[in-house]
Structure formats: C-alpha cells, structure tokens
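In what comes next, chain A is part of two complexes: it sits with chain B in the first one and with chain C in the second one.
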Partner chain A sequence: MYEIRFHGRGGQGGKMAAEAYALAAFLEGNYAVSFPFFGAERRGAPVKAFTRVDDKKIRIKTQVYEPDYVVVLDETLIETQDVLEGLKKDGTVIINTQRKPEEVRLSKPVKCATVDATGIALEVLGRPITNTAILGALARATGRVKIESVEQAIMEKFGARLGRESGEKNARAARMAYEQTLVGTSQGGKEFVPRPQWLPDVHEMPIGGAIGTMKTEAGLIGIGSFVENKTGDWRTFIPAIDKEKCIGCRFCWFYCPEGCISMVEGKAEVNYDYCKGCGICAHECPAKAIEMTREVKA
Partner chain B sequence: MNIKDLSDEILFTPGHTACAGCGAPPIVRNIMKIFGKDTIIYTPANCLLVFGGTYPYLAWKVPYFHEAFENTGACISGVARALRKQGKKTLVVGIAGDGGTYDIGIQALSGAAERNEDVIYICYDNEAYMNTGIQRSGSTPYGAATTTTPAGTKIPGKLDHKKDMAEIMRAHEVPYVATMSIAHQRDFLEKAKKARDVEGFRYLHIISPCPTGWRFDPSLTIEMSRKAVDSGMWTLFEAEYGEITNIYKPKKKIPVKEYLMGQGRFRHFTPEMVEELQRWVDHKWKRIYGEEP
Partner chain C sequence: MIQKLERKKMVITGDYAAAYGGMISGAEVVAAYPITPQTLIVEDFATFVNDGITDAEFIMVESEHSAMSACIAAQAAGARTFTATSSQGLALMHEMLFIAASLRLPIVMPVVNRTVAAPIGIWCEYNDSMPQRDTGWMQMSCEDNQEVLDMVIMSYKIAEHRDVLLPIMPCLDAFILSHTVEPVEAPSSDEVAQYLGKYEPVAKLDTENPMAIGTFAPPEYIQELRYHNHMAMENAKRVIREVTRDFARTFGHDYHGLIEEYRCDDADVVLITIGTVTGTAREVVDELRERGKKVGLVKLRFYRPFPREELQKIAERVGAIGVYDRAVSFGSGGPMFIETRHALYGHSIPIMNFLAGIGGRDVMKKDVEKMFEMLLEAKEGKTSKEIVWIGTRGVTP
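Here is the complex of A and B:
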C-alpha cells in the first residue's frame, strides 16, 4: 500500500485531485480510496485530502499521517506549515511552483518534484485551477501510474462534471505537467515554530467557558481576538486602489467582506493583512479606481 | 440614513474565516454598526457561527453565544426577559441561516413571535445548508442543484419552489418584519435602524449570496443581491403588525434568466425550467405589486 496527502486551499480542488488519482490507480486494477479532511475550512483556507492505493482491499479509514507522497497545490503553504510532517523516509514531495527542486527550501532535504502547474493551467484552461495539472507531475515523479490512466481518469471525472471539452483540456494540462516536471532534491533546514495553544487547566477556565478579551501565550483570545488571524495569505488576486481616481464614495468600505478597507483622508485604503482578494471592491467601485491583478508571491 | 452616516467602529472584526466573497460578513458588520455595543448575539450552527469564531478565538466584539439548531427563538426569548426584569434595554439578537430558520428553528421562532418577545431575529438567507456542504433547505429555489438535489438524469435539481418565510412571519402580525438586500444600501440601513428602535418582536430577512454554494465568481456577490431584487426573485418590503407599509419596486424588471446566468447551481437549466421559475416569479410579482409584471 502507498499513501498520498494533498495540501491545497479550499476551492483549489485538492479533493477532486485525490479522487481522480484514486480513479487512475483503480483503472490499472488497484484498490483505491480517497477522502478530504473535513474541518471548519472555507474557500481559501488550508485543507488536506488523502488517497490510499493497494493491491488488496483497503480497510484502514483514518487520515494519512505517514504519507509516501505529499502533493502541494499551493506554494504559499510551504512557507507556513511543515508539509513534510510524517513523510516516509524515501518519500517524495511534489510541489506546484516555478522554482526548481533545488531552489525549494523545506524542513529537510527530500526527493522533490516541481512543476509550474499554475502557469500550465492558465495557459491550457485559462484559469489558475491546478488540480489536474499536478496529477501529471505526481505520475511522473512517482511512476506509480501511467500518464494515460491519469488522462483517462481526468476525462471521466472532470468530463462528467464539466463537459467533454473541459475534460480533454484538463487531461492535456496533466500531460503537459508530466512532460515539464523536474525531479531533484529540495533544500532543508527551514524551521517551523508550532503555533502556541491556549491550554488552561480547569481552575483557569472561565465559568461557562465565557471569555472576555485576554492576552495569553497563544496571543489574544476571546471577544474580538480574530484580529490576530491574518487571512491575507488566502489571496491569489490582489486589489490596488488608484487614489487619484477614488471619489471617496465608501462603497468598497461598506461591501468588503473582510472589513479591511478604511477611509484615510477621504480615500479608500486596503489592509492587506486580511484582504482575501475576492474582487468585490473592484467590481462595485463606481469610479473604476480599483484593479485586481494576480499576486506575485515572494 | 446613508453609508456616510455609519461609524468606523467595527464590532465584527477582520480575521474571520468566511470564504472569500461571502455575502454574510458585510451584512453582520454593517448591521452591528447600527445596533451598537449594547447588543447580545445568539447563533445556532451555521457558517456564520463557524467563520465568526473558533473557541477561544472570536470575531465578535459583543457578548456572543452559540445555541442548538432548534432553539434560537427560545434562547433569545429567555435572555431578553431576564434582562428586562433587571431593567436593562440591551438588544437581544438571534442570527440564523435559512436552514436554521425555514426548517429546523421554525417552531421556536414562531413561538417567540406569537408571544411578541422583545427581540430581533435575523435570517441570513444563502438558500441552502452551506456549512455542511450545500444541502437543500426550504429556502432553496426551484431547480437549484445542491448535494441533496443534484442535477442529473433522475432529477433536475430541487423539485419544489422556495417557501415564503417572510410572509409566514408577517402572518404572525408582529411589530416589525422586513426583507433586505445589502446592495440596496439606504433601504438596508433604514430597516436595520427601524428594527433597532421598535419594541417587541422584529424579524429581518436578508439575502446572503454564497459564491461557494451558488457557484459564482466571488467578486459578484453584491451584484447577485442586486439582480435577485431586480428580477423579482427577492422582494424588499416592510410590514408592521401584519400590514405591509412599504414595498420597493425595481425600476426595471430583468428576466429571471439574467439572474440565473453565471450561477453554477442553475447551469443545467433547460428553457422549460427557466420558464417555470419565471412563472413563479411573475405570480409572486402580481401578488405583491398587484399588477401584471
């Protein structure tokens, strides 16, 4: 048996990728299961999905804690969490990035495959949906399934949902990724500090669990404490406000779901710590003063 | 009341974890600017509960409680009575999704309305059970694809029409019932203000487009609220003690098709299905505006 863990953000299609890969393995006569991790995650938040493949029936139902392969659909995730956690000794990580394997820095040096799945998706699909392209890279890096099986699985899975033409395009994206994947070794040494948690003992626990705003070793907790949760890294598109054009109407300020636009001297200003890049401000601005562009991540 | 009259103070903070482009956060943030600090919020299980806080973290800056799915109406009733006994005027507000209102919470809600409890009940309506992954509710419109009414060869999405919840609440003859859309800023703010100032039971019903469940680009959330009103799919009115006192009529009525386009949940619609939904809208239009659409 081998196990795969997919890391993505809600809405990027990690679950569909896990399912399509399971189908590809199944088409080659294996048993395969896949499932997402269900939490309170929303579109844009980090999420996980899993696939298990074996030549006999799979009875184990738990999450995958010690994967053979780790797939990362969104490069920003490798900055904030150790995606290698639990990866088996000879395991491989497959990352969607423009960088070469040798340029990627992780917690330890491991076998690493990279591909610009976003670039391929934009070229072939016209949208930055990377969950099919990345499967081509996975097939290439692991050699566990044939690219033809991946293509067929994608056609079946995505074709059924989005129409034949779209299925074919997605299969093409996987093939291109398969051909462009680079395999090498990542750098190691990146340190991740685990986020401290608030773990009060029974005497410190407020009656009824009700807490006002409190400063703890885990940062602010209680009323209004979500201000310390910076959601800016969910973003793929970023708004820029042209202050010359801004007429100070406050529409963007009123409508922004994050409440992260403030009015400074009569002009709108975005707090990028929280902006999720939804594009509502740009769409609603009557003066067309806001432009959305693809964010270039450092 | 205009958006320029709103304060800069935020009582529902950034850092919440709603999907990008969710319709609900701007609704609660702006409504809280009108309700003010002396407010207590109750929420049953729904998206707002989850994205508004994960213990011990919270986006709300006022006292905030989570109760069971079924009993929003009962909880806010009891809390309001206790506060009034103490001579406190604190605003007691329950906010529930459409699942928690149309289906699961309707008995407690109806009871609270019947007893004319001194509370505000808000339904933010995203037309399905979104928090658990898009299951149909009594609010889901005809034909919409959800995970429990998938559009396929057996059924073409939801078979039944949307229930008229605001009318059910109006029939309770409570002091105040209003339907709202955040795209209609002034109307939205005026109604929130009125709800704050009236005594007795108040029911606010607000359309809350959901890019994830309705499958549209997150930049279009406000436009969806606007088009819902312009097509007649959503109607803006106010009622006092059961009498309609104010109806907003769109300046130009757009065909329902224009609203459906761009929403993945309606993608499978045949011309016959569009016609069926248009028939439903036209019927409602005539009932509300007393004239042919």
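Here is the complex of A and C:
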C-alpha cells in the first residue's frame, strides 16, 4: 500500500485531485480510497485530502500520518503547513511552483518534483485551477500510474461534470504537467515552526464552550480574535485597484468576504494583511477597476 | 418580578400547577406554543402576565422550534426561562434540545406526555419524552399535581446548580394529571424567592463583555465538551438527592431523591413504576400485602439521570424485579426496562418488562395485579418471560 497526502486551499479542488488519482489507480486494477479533511470550510483556508492505493481491499479508516507522497497544490502553504510531517524516508513531495526542485527550500532535503501547474492551468484552461495539472506531475513523480489512466480518470470525473470539452482540456493540462515535471532534491534548512494550538483539557475547557476574548498559548481566541488571524497569507492572487477607474460604488466593499476593503476619500482600498485573494471584488467591480495578478512570495 | 403571593391551598389541574410553579419560581422569559394537552399551561401563564401577577416577558412564537430557540437565547442572555410542550411539539423541538443542553442552559420545560402520531392520539404515552433521552436534558415524571408544582420549583434549583447546569423536563401524564383537578398546596412567593435565589449565569451574552457561544468547533474540542455533559449528568444525581432532602426540610414534602421506595423493606418482588400508574400500584401493593403477599413498589422519578446505584441496592435484597413501561423501543423493549437491566448487570434475579397503558389506555388495578402475579411466578422460576404485553388483544401476557 502507498499513501498520498494533498495540501490545498478551500476551493482549489484538492479533494477532486485526490479522488481522480484514486480513480486512475482503480482503472489499473488497484483498490483505492480517497477522502478529504475539511477545517472550517472557507474559500482559501488550508485543507487536506488523502488517497490510499493497494492491490487488496483497504480497511484502515484513519487519516494518513506517514505518507509516501505529499502533494502541495499551492506553494504558499509551505509557510504555514508542515508539509513534510510524517513523510516516509524515501518519500517524495510534489509542489506546484515555478521553481526548480533545487530552488525549493524545505525543513530538510527530500526528493522533490516541481511543476508550474498554475501556469499550465492558466494557459490551457484559462483559469488558475491546478488540481488536474498537478495529477500529471504526481503520475510522473510516483511512476505508479500511467498518464493515460490519469487522463481517463480526469475525463470520467471532470468530463462528466463539466462537459467533454472541458474534460479534454483538463486531461491536456495533466499531460503537459507530466511532460514538464522536474524531479530532483529540495534544499533543506528552512526550519518549520508549528503554530501553537490551544488544546484545553476537560478542566480548562470553558463550560458550554462559551468563550469571551481569551489570551492563550495560541494567541488570542474568541471574540475579536480575527484581528490576529492574518488571512493575507492565504493569498495566491492579489488584487490591485486602479483608483483612476474606481467610481466609488462600494460593490467590492460590500461583497468582500473578509471585510478588508475600506473606502478612503471615495475610493476603494485593500488591507493586504487580511485580503485572501479570492477575487470576488474584481468579479463584482462594475468599472473593471480591480485586477487580479499572480502573487509570487519570497 | 412577581406580586406577593401567600401560601395557599388550591384545587387545580396539573397544567395549572406547572404554570404556577414556573411563575412563582420567577421565570422572566416565557416562550411557548400551545398543543393539547399542554395548552392550559400556556393559557394560565398568559393569564398571570395579563393580570399583572408577573411581569415576565411572554413571547408569542409560531412553533415549538421557535419557542425553544427563544428560550435558549433568553437563558443565554442571563434570564430565568420557562416553556412547556407535548408530543409532536417536543418532536419538533428536538434539534434545539441538544443545543440547550450542550450550551449548559438550565431551562425548565414541563412536558405533558402525549402519544406521538401515527395514529393521532392525545392521551398518555412516553414516546414523546423518552426518545429525547440522549439530548442531554434531565427528565423526570410526576405522580400527582402536588409533585408537579413542587417539582417545577425544584427543577430550577437542580438545573441551576453549578455542578449541573443542564436543562430539565419535569413530565406529567396527559389528562390523568394535566386536566385533572386535585388539591395542591402552594408555598408563598417569598418562600420560593428565598429558596431559589437569583439565577446567576456562569457566562452570558452581554454587549459590555462580548461572548461567543455555540460557535464552530473542530474535532479537537467537542469530545471534552461531551465529557463535561456526561459528568454534569452524573453530578446531577448527587444534587437531586440533596435538593429533595432540602426541599423536604423547607416545604415539608419529601420526594426521596431519584426514586421512592414503597413497602420494599421485606419484599420478595418489586415493581418499578413511573408516572401516575404509581398511585394505582400503591393501592394494589396494599391490597396484596393484606393478602399476605410480600410485594413492594419502586417509584422511578428520574429517567435521566438514571438511578443506577439506587436500583442496584434494591436488586440485592429481592427475588424478582418488574419494570413497567409506557413506551416501546421497537426491537428491544421498554426504555426503562433496557435501562434497568443495564443498571443491574451481574445480578442474576429475573427482570421482567410490562408494557401497558400505551396510547393512553387506562392501566387498571387488575393489570397491576397481573404484573405482581407474574413476578411472584418468576421468583419461583415458574415463568421465564421477559417482555410482557398487558391488555393487548390477541396477545397472551
């Protein structure tokens, strides 16, 4: 049996990728299971999904703690998630990035495969939906399923939902990623500091779970704690407002799910500490004053 | 605030006793939706408000679901609340019951036990309250209207206790109590106010000091909260014993804790009853005793928390135990029977289940006699029946 952990963000389709990979493995005569683990379901929030593949029935129902492969759909997750956690000794991490494996810095040097799945998705699909392209990279890095099976799985899963043409485009994205994937070794030395968690035992847990504003080892929790939750680090795309074009209609201010747009002297302004880059503002702006561009973080 | 009310004797319905109990306990917010046979409780409370006897906020709602929602919100804001329901109304409230209990809000809600459709019936059956077993509410049954009034008052004392903080439903049988008048002695408003004191919430919604309750919680948090609720229910046993003792000293009526034993001391067999059948069964016990049969009665007052320890002590001294149930858990047996057998695991005496009075069918003295007769046979090893349907046409008991 081998196990895969997918790291993505809510709305990026990590769960679909994990399922499509399971289907590809199944099409080759394997037994495969796949399941997601959601936190607070919210666009942009870190989410995980898992796939297990074996040649016999899989009975275990736990999450995957010691994966053979880790797939990172969004390279910004490396900053906040311990993507190498539990990775097996000879395990491989597959990352969506414009960088080469040797340019990727992780907590230790590991087998690493990289591909610019976002670039491919933008080119082939016209949208930054990377969950099919990344499967091509995964097939390449594992060598455990044929790219043809991945294409077939994508056709079945995505084609059925989005139509034949869209299915074919997604399959093409996977094939392109398969061909462009670079395999090497990452750099190490970038220490990962896990965010402390507030885990009260039965004696510390407030009665009825009623929580005011509380300072804990994990920072502020409860009322007003959102101030400390800087959702800006969820961003892969960044909005830029052209103040010349902005007519001050407040549509973006009204629709922004993070409430991070304010009106300054009649024009919209974004607080990038909290902007998670969802693009809703750009979609709603009647004056086309907001442009979303891909953000590259150091 | 309520008007000054003197100690008095009244001849009242069980519903009136429930409403009077809520009012004299100083309920500040009432939200309820009428349903037969609880309707009188809502009407009587509305009359208290209309007549200025209490200045409680009476909220008219469009369903029982909303009634419970309103009580949850009011209790979370720090008010002492009161509501009442029955049958389908309780079923409609179901999802909100969990929330009230998990938020640890000591809401008091008399439930008039009425059959849940189909077919539509308005008479007594416990298939409304007993399926609420796992919502986290305390649940008990009354034998007469005096107990209804006293128990509503005690309910606040138990529910608001710091070691408990759980909602409670004191139950009364449809019509047999709800619409039956009998003499009831009510304490004065001063006595009750002194006995209960002010409701002091542990945490409350307050704009000056904001608080979040009932928010989203991932698996890292929920299990500890469930443990809290389980322990609160275990604590409730001790608190109930203390409160009934204290109530007896203060008001002179003794309810003996979670159960009451009647002529059990030297009994060969005992029957566990619940609700109004208890009164009838007392008569039968006396008559059988006169005929030299050593039978006893255990009045089970609390279904949640369940009096495990009390029943274990009784099982040590008797030769057979019968459990009367007015509801069926299909495919297993009567709810109280299931609980009793679980509590008495390891005891080798026969334990029998008697199902009778379902759908409000009258449970007569001869029915109770039959139960004792079969128990005495079981003690002698003459029957090994377990689940016995009494008075069901075409079914031999």
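Assume the second predicted complex is superposed on the first by the 235 of 298 C-alpha atoms of A that agree within 3 Å, B and C clash if a C-alpha of one lies under 4 Å from a C-alpha of the other, contacts with A are read in each partner's own complex, and residues count from 1 in each chain.
One rule holds for everything that comes next: a contact is a pair of C-beta atoms (placed from the backbone, for glycine too) under 8 Å apart; a residue touches a chain by one contact, two chains touch by 3 or more.
In this text the structure is predicted, and so the values were computed from the model without any measurement.
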Count the residues of chain A touched by chain B and by chain C, then name the partner with the higher count.
-> B
For A:L199, is the partner it touches chain B (first), chain C (second), both, or none of the two (neither)?
-> second
Kindly classify A:A282 by the partners it touches after superposition: chain B alone (first), chain C alone (second), both, or neither?
-> first
Just chain B (first), just chain C (second), both, or neither: which does A:C256 touch?
-> first
Considering only touches as defined above, state whether A:I207 meets chain B (first), chain C (second), both or neither.
-> second
Answer with first, second, both or neither: which of chain B and chain C does A:V264 touch in the superposed model?
-> neither
Is A:V296 in contact with chain B, with chain C, with both, or with neither (first, second, both, neither)?
-> neither
Touching partner for A:G10 - first (chain B), second (chain C), both, neither = first
Intersection of chain A residues contacting chain B with those contacting chain C?
-> 40, 209-211, 222-224
Interfacial residue positions of chain C with respect to chain A in the complex = 102-105, 165, 202-203, 209-218, 220-221, 224-225, 227-228, 231
Residues of chain A that touch chain C when the two form their complex | 39-40, 197, 199-202, 205-213, 222-224
Chain B-touching residues of chain A, taken from the complex the two chains share = 10-11, 40-45, 198, 209-211, 218, 220-231, 234-235, 250-251, 253-260, 262-263, 271, 273-274, 276-280, 282-284, 292
The chain B residues in contact with chain A across the complex are 3-4, 6, 8, 10, 12-26, 29-30, 47, 50-64, 182, 185, 211-212, 217-223
